[in-house]
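Remarks on the structure that follows.
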Amino acid sequence: MKIVVCIKQVPATGADKRYTDDLRLDRNGVEAIINPLDEYAIEQALRLLDDGSVESVTYLSMGPEQAAEALRRALAMGGDEAVLVTDSALAGADEWATARVLAAALDKLAPDVALTGMASDDARGSLVPGAVAAMRNVPLLSYGSELKVADGEARVRRLSATGFDWIAAPLPVVASVTDQVGEPRYASLKGIMAAKRKPLETWSLADLGLAGEDLAGGALTHVTDARAQEAKPPTERIENLSAVEAAAKIADWLAARKLI
Amino acid sequence: MANDILFLAEFTAGTPARSALELAAGAAELAIQSGGAAIGLAYGSGAADDAASLGAHGASRVIILGDDDRPAIAHAPAAVAAVRDAGALALLAPATPNGRDLAAVLVGSLHLPAFGPVRAARVVDGVLETEQATLQGSVVTTSRPVEGVATPSVVLVLANTFTPGEGGTGSADVSRAPIGTESAFGKVTVAESHPADAKVVNLEEATVIVAGGRGVGGEEGFGPLRDLAAALGGAVGASRAAADAGWIPYQLQIGQTGKVVKPSLYIGAGISGAIQHRVGMQTAEHVVAINRDPDAPIGEFADLFVVGDLFKIVPALTDEIRRRSGA
Amino acid sequence: MTYLPTAEHDELRAVVRELADERIGPRAAAIDETSEFPHDLRELLARQDLLGTCFGEEHGGTALDTIAQSILVEELARADATTSLIPIVQKLGALPIILAGSDEQKDRYFPRLASGEWLIAFALTEAAAGSDVASNRMRATRDGDEYVLNGSKRFITHGSVADVLTVFALTDPAAGGRKGMSAFIVETDTPGFAAPRVEHKMGIRGSPTAELTFDDVRLPSANVVGAEGEGFKIAMETLDRSRLSIAAQAVGIAQGALDAAVAYAADRQQFGERVVDFQGIQWMLADMASQTEAARQLTYAAAARVDADAPDLPYWTSSAKLVAGDTAMRVTTDAVQILGGYGYITEYPVERMMRDAKITQLYEGTQQIQRLIVARQLLQRAGVARQG
């Protein structure tokens, strides 16, 4: 029973209030990290490895060569091996091309579960797991707050508007999990040391039987205008009043806008 | 037809979801602009029973993809076939997990352009145009499909972007999609169903939301917020911090990984306003924030920022509202 | 001899810092206020393999070099001095066995220490024997195939939470402390052992500093570390190395205070300007930063020499502990000063850091003892004979 977790490397979120980068030798800024929402997918996969539901966890990423760092970090959390698909023809690939490449790589790896995190809120990013499932003709179990694998079947716990359901499908499946899986583990020191020795393969498009032309075509949509949000009137503030006075002022404000 | 506007309509036990009514109205609006027809793609238990009623909300035709209670994704193959045959200009899908699932399969199978989640959509000179706020919310981008790409464009639409009409007298023509070939998506089933107690409100449909964050301090702390929500006829929501701490169920979490809401009034108490939460509520019409910290980020984008102790101000506000409404 | 931190050192620092910022720093104030030992953080450190860095891989440790161990302590101490003591004392307690223990003793204890399942502490100090180690009075009397320990110890860090101790006692009182002391391994569930009280302290409040009593505590003779009579030498060799952990702790405390002072000064406005833009404040910060860095680099230089088993190792480790401890006290005091009134209240962390810093001038050899050690080494190098 094998899981492949698809992860993405992204630039670290900028400027924390950390004044201590003087301790580091010469790093000119952008450190790359695992997309935070993917960490939940990694955590879910590792829990299934810990409890014996699956026997191996492989990480898959598509990106520039530097994306291997994200894969090493994932391996430091746990898991067995990683695959990086990298090719100069993939520079600037859009989400459809990404789905195409991931689908081909997953077909080659043939896992029982191909697992992703909730992608970014952006439409195109969030549609990648479903697009991959469609391309591979494999059932999709998405937006799970928990994933279980047993008896040739996978199921996810999905919150509905008011409750939850367990949605199931026979293996193999494509699944995605949300941050409700629970806190991702920290990489332990031994994990970090072991990660250096775990296998990390690099594949090109040719290894997947794809050519640049299969993916070309560029973006299907384009931005035609960008404007600053309508200048909102400055925030009105209420402070230094007693609770009763503040409440009266808030009520006045609501009434003026016909909200009460 | 080339200028038709499709929309997804989800049904449960014969009742259309609010998103179905909103998108019907939206599709009708766009169809007037494009000179085409608004066509619903209905799925879910009891869809066949009530599909025609979508006509009262703007649809001229409805195609039933399936009217069993299988998960939405099981209807994806029928959706693909119907969309391929329809040759329309755009397809509106709700920006919910089910809507995204179906949209994803359409995009992946038919290599369609995708937009959203959008806060506005229209057809201008026969071309689809959408508006989307960026993560930071400070920039609004307008997008269109590149010339010559496949159609329809798939558009994810946020709740409360379109307003359902009062319901006219129209009745839509209903037809069934052809039974599709066996596909992997048909193998997805609901293994167990756990509806929650009826008290949990679907935040996406609420017009007034009172939300609590870390500052509420615990499960009991939500009591005053519930009272305020009740006084305003609204629902209670929360930030991720409160959900992670177990103070309220995850269904009430508003934010990037939770619900995206668009109420006319949002009151955030003890919420700092981190970007991940903001994304979930920034399109609310009126934002009021109550926080002890005068520098809380939420103060920068709220319409009204009240600095003070929420445990004193919220009950006082509840009392004042009740007093004014004569209760 | 030169040394440079490697990419692995940087990676370790980043990992520990993330853990410290997310899980340890937020607990520091509460730990100080309640004076409770942070069992949850001990478990977290154990899970992350951070309590086994001084043990070999054959025992389940990660065998990090001494610079890496210093970085670990430094980053933990930056967030919370109390928590940094957990790996510090784990090493301190184990060093006698590392330096002089038998393979059997190492195999018996190290796996559980490396995993963090057990904690170990170092029991040398007595009420009447602090700096003057040789005047220890605790006795270990041979009785057949066992030793019987009687006496008490004071100011033993983690003495009340440890599962095992390395204890120093006189096997030959007539020979005096230097020649007649031996080192023993005592498991704390042995009958006759008790930790009747812990001290109320100025700082490192979450770290239990215990008084220990031994009332006819019986040990198998296999529990003596090294040979009888070697205890004093083992204790000194232990402290030669363990004091470097305190240097690293002091560097971390100083860095934490410096970071807090910079952040505060950048935010606080007075007289229409940011406090950090006042030249007087910048001069203070510059002194704090350069002195912290000097202490840090001296600590790493000493660490490199520990790994190289340099013959003048004590000169280096004592210098580092001396400089770092005094630096931590100065930097934390200045940090309180920069925060002004806010520096004095518990809502901000610097007053706690100042209280925590003081101990680095006191334990594992007071600054005065360190000066004696440095002076002795200095005079030896200079060929100046010792008087008397």
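Remarks
A, B and C label the chains in the order they appear, each numbered from 1.
What we mean here is this: a contact is a pair of C-beta atoms (placed from the backbone, for glycine too) under 8 Å apart; a residue touches a chain by one contact, two chains touch by 3 or more.
All values reported here derive from a predicted model rather than from experimental measurement.
Here A is the chain whose Cα centre lies closest to the centre of all protein Cα atoms.
On a Cα centroid basis, the chain most remote from subunit A in this structure is C. Looking at contact counts per chain pair, the maximum sits at A-B.
With centres defined as mean CA coordinates, subunit C is found 41 Å away from subunit A. Averaged C-alpha coordinates put the centre of subunit A at 22 Å from the centre of subunit B.
Spacing of subunit B relative to subunit C, judged by their CA centroids, is 57 angstrom.
Chain contact summary for the complex, subunit A toward subunit B: residues 37, 95-96, 99, 118, 121, 123-124, 126-135, 137-143, 145, 155, 158-170, 178-180, 218-229, 232-233, 235-241, 243-244, 246-248, 250-251, 253-255, 257, 259-260. The part of subunit B that touches subunit A in the complex is made up of residues 71, 73, 76, 80, 97, 100-101, 103-109, 111-117, 129, 133, 135, 137-146, 149-150, 153-154, 156, 183-185, 187-196, 198, 200-202, 204, 208, 232, 240, 250-251, 256-257, 264-265, 279, 286, 288, 294, 299-309, 312-313, 315-317, 319-321, 324-325. Contacts from subunit C toward subunit A in the complex involve residues 5, 10-13, 15, 18-19, 47-50, 53, 62, 64, 255, 259, 262-263, 289. In the complex of the two chains, the subunit A residues touching subunit C come out as 17-20, 22-25, 186-193.
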